[in-house]
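Listed next: structures, encoded as structure tokens.
Two complexes, one shared chain (subunit A), two partners (subunit B, subunit C).
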Partner chain A sequence: MRYRFLLLALLVVALVVVPPFLGLGWQYTLVNALIAALFAAAFNLLMGQGGMLSFGHAAYYGLGAFGVLHVMQLIEYGDSRFPTVLLPLVGGLIGLVSGLLAGFFAARRSGVYFALVTLALAQLLYSLAPHWSGMFGGEAGLSSMRMPSLGLDFGSNLQVYYLTLAWTLVCISLLYAYTLTPFGRLTQALRDNEQRVRFMGYNAHATKVLVFGISAMFAGIAGGLTAIANETANYQIFNSHVSAQVVLHTFIGGSALFFGPIIGAAVITVFTFVVSGVTHSWMLYLGALFVLVMLFAPNGIGGVIQAHVQRRDSLPWRRLVAPYAVATGALVLVALGTVFIVQSLEIVFSEQYRAAVARTGQYADYSLFGMKWALFSPLTWLTPLLPLVAGLLLLRRTAARIRELWAGGGDPSACPPKVPGATLRSRA
Partner chain B sequence: MRHALSALAIATGLIAPAIHAEPLKVAIIESLSGSQTSTGRMYSSAARYVLEQMNEQGGYNGEPIQIKDYDNGGNTSGAASQFRQAVADGAHVIIQGSSSAVAGQITEDVRKHNIRNKGNEIVYLNMGGEALELRGDKCHFHAFHLTTTAPMRVGPLVKVMAQEGDLGDRVYSINQAYSWGQDMEQAIKSYADTYDYEVVETVLHEVNRIQDFAPFVAQIQAAKPSSVITGNWSNDLLLLMKAVGDSGLDVTFGTTFLDQVGNVANAGKMALGHYVAHPGNAELNKDPQDAEDYKAFSGHYPVYVEPGTINGIRLFTEALRANDFKGGDIDVNRIALAMEQARLETDIGPVSIRREDHQAIMPVVVSRVEQGVKYPADGTDMGFKPIQVVSPEDAIYPVQESCRMRRPD
Partner chain C sequence: MEFLIVSTMNGVIYGMLLFMVSAGLTLIFGMMGVLNFAHASFYMLGAYFAYTLSGLFNFWVGLIVAPLLVGLIGVLVERYMLRRIHRFGHAHELLLTFGLAFIFEELVKLFYGNYPVNYRMPDSLNFAAFNVFGADYPFYRIFIGLIAVAMFALLLILLTRTRIGLVVRGAERLPQMAQALGHNVPLVFMGVFGTGAALAGLGGAVAGAFFPTNPNMALELGVIVFVVVVVGGLGSLAGSLIASVLIGVFSSFAVGLHWTLAGALSWVGLGGWAEGVGGLLTLPLSSISGTVPFLLMLIVLLVRPAGLMGSKN
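Then we have the complex of A and B:
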């Protein structure tokens, strides 16, 4: 327990100290990562803990953003004295009210039907927003400027970052505290067995509506923070891909663990920023990552961490070091081989390259990783295949070894939990 | 000691930079992944084509122009994030074209950035956002709109169709229900008196959701129009034209995006005889080498948004040439002021910038789908035959009152 606090404290210190030394692009990405983390945590309150999979959380996120923008416009053009620091509260309030309303209808059904109702409600907003220009600013959306407030001008990205950081930390702490309350336990009971909750004398529908409302409230706060960071919002914020993204973040991070979705959102946001700056194929890599996580670690990144934490006393750590190091190395080899092939294909199939071929009539050498490669030389294709195949073989062997160590390496009384090794078996 | 000295000499050699001029940095924030990729790539490649030509002639300010692509993923949040990255990379100029929504995000981001960062301003070149609002409410000094708008397309379109006898006196207006479609509808109504036609009915429909246009075609049929004017694009245009073709209704279409890649191939013979108003047509190039050069660069002849983008970026390079910073720091405000004065003579007429709202004053070409054209479209035997070039003075529309531009002191 003490380690966990130390780790969290270190993370918070890093989040406070590091950003001033980062470039604008990175600062903004961290703002986005924080917002995505809060959004995912809010979503997971409903999904991971309440067992209700919403496919339309973009609705409350977006409504929060638009609400905050309206207030921002009041501050900018009018004489409203609402402090900028408290703006996300507006988003939270709007999220709560709209969430309670939507939850009232959606929570009448569960499972797939619940997901469909939430999806429909979000799509309703998506098609309504571009036509209602008074409320949502039409297709172009609403725009405003952050005004100085309480001695801060909010002109720099860094100030926005600290505002977002503070709000995200407070909200995530609140969401965590929520899980410890009796009502938080009741939420989990809803997920495990709704019937039983009803027989215990609780009003299951009212509870579900309330959980939905709280989740939407934090989603609204996240939306409000986006509005502050971007100073604009348009109807695209209601797009189903925004709803899908938070589901993706949650699944990659692992919904079973409180911190899973937060990790997932942060990792994916930073991954997207870094990779999309390097290659146009970034979506392919993102998709591949998602598929791999679903196949080999269905409990997400958080699940893998949790498995290790749970077995920290029974695992033969010393004997695991070597296989883990080898597995990491093998993964790097596989990644390198894959990246080489994908990037080669991207270059060779690019318009520029094809135009050059049409112009000169020959397939020129292309440069990748700082070297020149001949398209039809076997060496060019052996270079990535070698590390790829070697890495895969190596992975297979080390996975077997890791499984062995996980199964019998420690205390025989420890129950075999779901571990990455166990899921790797499906490949062997 | 000697070693230390030589080490010092090497170190100073490494540290002391060769005196370099400030290179001009151009950020192309386009839709390079997602559903609008094909259009995004066209803007990017046309802009690169012109800028790299300038680099071949020695670059700018004594350095090659640095051009970098940023993928906005086709949405505004991606654009906002890539804009920050471009700022971090020190961009002076931002080029973007596909989607008015993204254009709205970027123009606002640029405006706010310039208010907060005096002395480090950025210029935004809007190559394709046609929404009137961008030059109205949202206009500002550092945004330049190097593309047409609805009135600039509809005016020439109805003018030429009337001259060719294909417009008739009963015009049907069918458009998509968002700002672009509304701008189009407004423009179609506004030219009714000038070109002596009656707008028999106006329809705004959902954007890219309708699979079957038959009910709309029945409505069109009942109104007995002589021609249909539409600003529809993508599926909304294709499916509408196909539904009309299937019904056997004989009307001429006046369109704004029929030249989008793939449309002619998809519509087949049904496309013949219909009109499009666009910013350029390669067949009008006096020197056929121009189109060949572009093909050598990109793999295809300039089509759709490319001729307009090439002209727009060429106008920008004129503004660059008007300012010689002599290898010193680049002053973006001076480039912006030069943009207002710049004038580009193209094969179809002059292109310049209107000082009041920074809208490009440019010629508009009206073409008709015919067989036996110089540059057939989509590998078919059909293509866009230029019928007439409408001069910049005839194509331009009045400045919107909503534009209140604050100029630098």
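Then we have the complex of A and C:
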């Protein structure tokens, strides 16, 4: 517990101290990472704590953003003296109201039907927004300027960063505090056994609506922060890709843990920034990572870490070192092989390359990782395939060995922890 | 009159296309309880495979082989992915298909680029079927409708008149009982998933030659197909046929109608007030035609989640 506190304090200090020394691009990325982290935390309140899977959280995120932009426009034209630093509150309020409203309907259904209601609501907004210019500014969307407030002019990225950091820290702390309250416990009980909650005399529907509202409120704050950072938003903020992103972030990070989605979202956003400059296929890597996590670590990467922490006293660490090292090496081999193949395909199937083939009539060598590769040379394809196959075989063998060592502890807690959401039923 | 007839024909045929894709989705849901988010991706893969095959061989090879390839992918997905995580519950299966939809879209972008490809019908099919009000009506639209009708008939016969259909329906209603009677239920599931994927692939292979074939087609059709299966009743084949045609006809009519809520309110004397309020009240139906299906889906989900034809549960 003390270690965790120390780790968090270190992280916060780093988030405060480091950014002034970073370039503009990195500062902007960190702003996005913080917003994504808050959005994921808000989403996970509903999914991880409440066991309700929403496929339309972009709706509340986007509504928060548009609400903030409307107020920003009022400030810009001098019709309002609302302080810029408190703008995310507007997003939160709009998120709360719209979330309570949507939640009232959505929470009447459970499981897949719940997910479909949230999906339909978000799609409704997405298809309506471009045509409703008074509210959402048509296809172009709304734009505004950040106005100075409290002696800060918000002209620099750094000031926006600190504003976002402050809001994100406060909100995530509030969300964490929420899980410790009796109502937070009730939320978890709702996830684990709704019927029992009802038998105990609680109003399950009202509780769900409230949880939905609170989750949407924090999503709205995240949306408001995006609006402040970008000074613009259009109907694409309601796109199902936005809802999809937060689902990906949450489950890769691990929805069973409070900090899983937060770290997942932050790391993936930064990873995206680094990788998207190098390759167009980063979404493919992200999707593949998501599917692999779903297949092999249903509790997410956070869940894997949690399982280790829980069993730290009973695991034969000394004997695990070697297989873990081998597995890591094998994973690196597989990753390298896959990246080589995907990047080769990206080059060979690119428009430029195909146009060049059509023009010159021959398949030119392409360069990757600082070397030239001939397209039809066996060497080109053996280079990635050998490490890929070797890595997979190695992984298979060490995985069996690791499983053996884990089971060898004879500890009953060795079985995987309960999966949240596994109780989601398919029929309403 | 011209608008009425042409719109109805276009709508019915678009509805038949929707049915080709939603049939598999609703079958899979009814049987396995899995809402397959990757289903529209199978439709897209069908179009792209058919495009490649029609370039290498000819259109007809693409039309026949592409659905088979897509069906094979469906079988592999069921056998090696869904079955693996079945024990974690439906939520995980749904999330997995959601991730797969993501991957399929990105793979298509990787191999074919992020722009529409030039997948066209052969010249032998590119002629006017007949003439309505001075405009040629393309034969290919009718071709799409014919294939859908043939598919529906085949599916219906297969499910209701053959022994395979009997086992499939048995496995759907009472999987454990079917298993106890000696039927290989996992194999049935795999077969249904593969068939559903192949049907969606066939839809893509047929429709891709007429409508644009681009990496967004899965997402665009996917949400509408969800509307169809929900409105028709998840798990009901007949329901999804009715809902498909309903939504197809509606979408084709809505783009030509400029009704507004203000117009409707003027019948009760509130027209002037509504014009003054503006906003939602003065948006013409033609510009919000994309919204209405979702409204319909919401109403069905909230009022009668079993849909038009679904069994009450």
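Here, the second predicted complex is superposed on the first by the 407 of 428 C-alpha atoms of A that agree within 3 Å, B and C clash if a C-alpha of one lies under 4 Å from a C-alpha of the other, contacts with A are read in each partner's own complex, and residues count from 1 in each chain.
The working rule: a contact is a pair of C-beta atoms (placed from the backbone, for glycine too) under 8 Å apart; a residue touches a chain by one contact, two chains touch by 3 or more.
Everything numeric here is computed off the predicted structure, so don't read it as measured data.
J.: Identify whether subunit B and subunit C fit side by side or clash on subunit A in the overlaid structures.
T.: Here subunit B and subunit C cannot both sit on subunit A without a clash.
J.: Is A:Met283 in contact with subunit B, with subunit C, with both, or with neither (first, second, both, neither)?
T.: Both partners.
J.: Could you look at A:Met294 and tell me whether it touches subunit B, subunit C, both or neither (first, second, both, neither)?
T.: So A:Met294 only meets subunit C here.
J.: A:Ser149 contacts which: subunit B (first), subunit C (second), both, neither?
T.: A:Ser149 sits against neither subunit B nor subunit C.
J.: Using the touch criterion from the header, give the chain among subunit B and subunit C with more contacted residues in subunit A.
T.: C
J.: With the two complexes superposed on chain A, say which partner A:Arg109 touches: subunit B (first), subunit C (second), both, or neither.
T.: A:Arg109 sits against subunit C, while subunit B stays out of touch.
J.: Just checking: does A:Gln73 make contact with subunit B only, subunit C only, both, or neither of them? Give me first, second, both or neither.
T.: A:Gln73 contacts neither subunit B nor subunit C.
J.: For A:Leu128, select first, second, both or neither according to whether it touches subunit B, subunit C, the two together, or no partner.
T.: Touch partner of A:Leu128: subunit C, not subunit B.
J.: Go through the superposed model and pick first if A:Val342 touches only subunit B, second if only subunit C, both, or neither.
T.: Touch status of A:Val342: second partner only.
J.: Go through the superposed model and pick first if A:Gly141 touches only subunit B, second if only subunit C, both, or neither.
T.: Only subunit B; A:Gly141 stays clear of subunit C.
J.: Of the two partner chains, subunit B (first) and subunit C (second), which one does A:Gln310 touch, if any: first, second, both, or neither?
T.: neither
J.: Taking the options 2-10, 74-82, 200-208 or 218-226, which segment of subunit C carries the C-alpha atoms that clash with subunit B in the overlay?
T.: Stretch flagged for C-alpha clashes with subunit B: 2-10.
J.: State which residues of subunit A lie in both footprints, the one left by subunit B and the one left by subunit C.
T.: Residues 127, 131, 280, 283, 351 of subunit A touch both subunit B and subunit C.
J.: Using the touch rule from the top, collect the residues of subunit A that touch subunit B in their complex.
T.: Interface residues on subunit A, with respect to subunit B: 23-29, 32, 127, 130-131, 138-141, 143, 145, 155-157, 226, 230-232, 234, 236-237, 239, 241, 273, 276-277, 280, 282-283, 351-352, 354-355, 358-359.
J.: So in the complex, the part of subunit C that touches subunit A is made up of which residues?
T.: Contacts found on subunit C: 29, 33-35, 81, 84-85, 88-92, 94-96, 98-100, 102-103, 106-107, 109-114, 219, 223, 226-227, 230, 234, 278-280, 283, 287-288, 290-291, 294-295, 297-298, 301-302, 305, 313.
J.: What does subunit A use to touch subunit C in their complex?
T.: Against subunit C, subunit A makes touches at 53, 105, 108-109, 111-113, 115-117, 119-121, 123-124, 127-128, 131-132, 134-135, 240, 244, 247-248, 251, 280-281, 283-284, 286-288, 290-291, 294-295, 298, 342, 345-346, 349-351, 419, 421-428.
J.: For subunit B, which residues are in contact with subunit A within the complex?
T.: 32-34, 41, 45, 70-71, 73, 75-77, 80-81, 84-85, 87-89, 100-101, 104-105, 108-109, 112, 115-116, 131, 133-134, 138, 177-180, 206-207, 295-299
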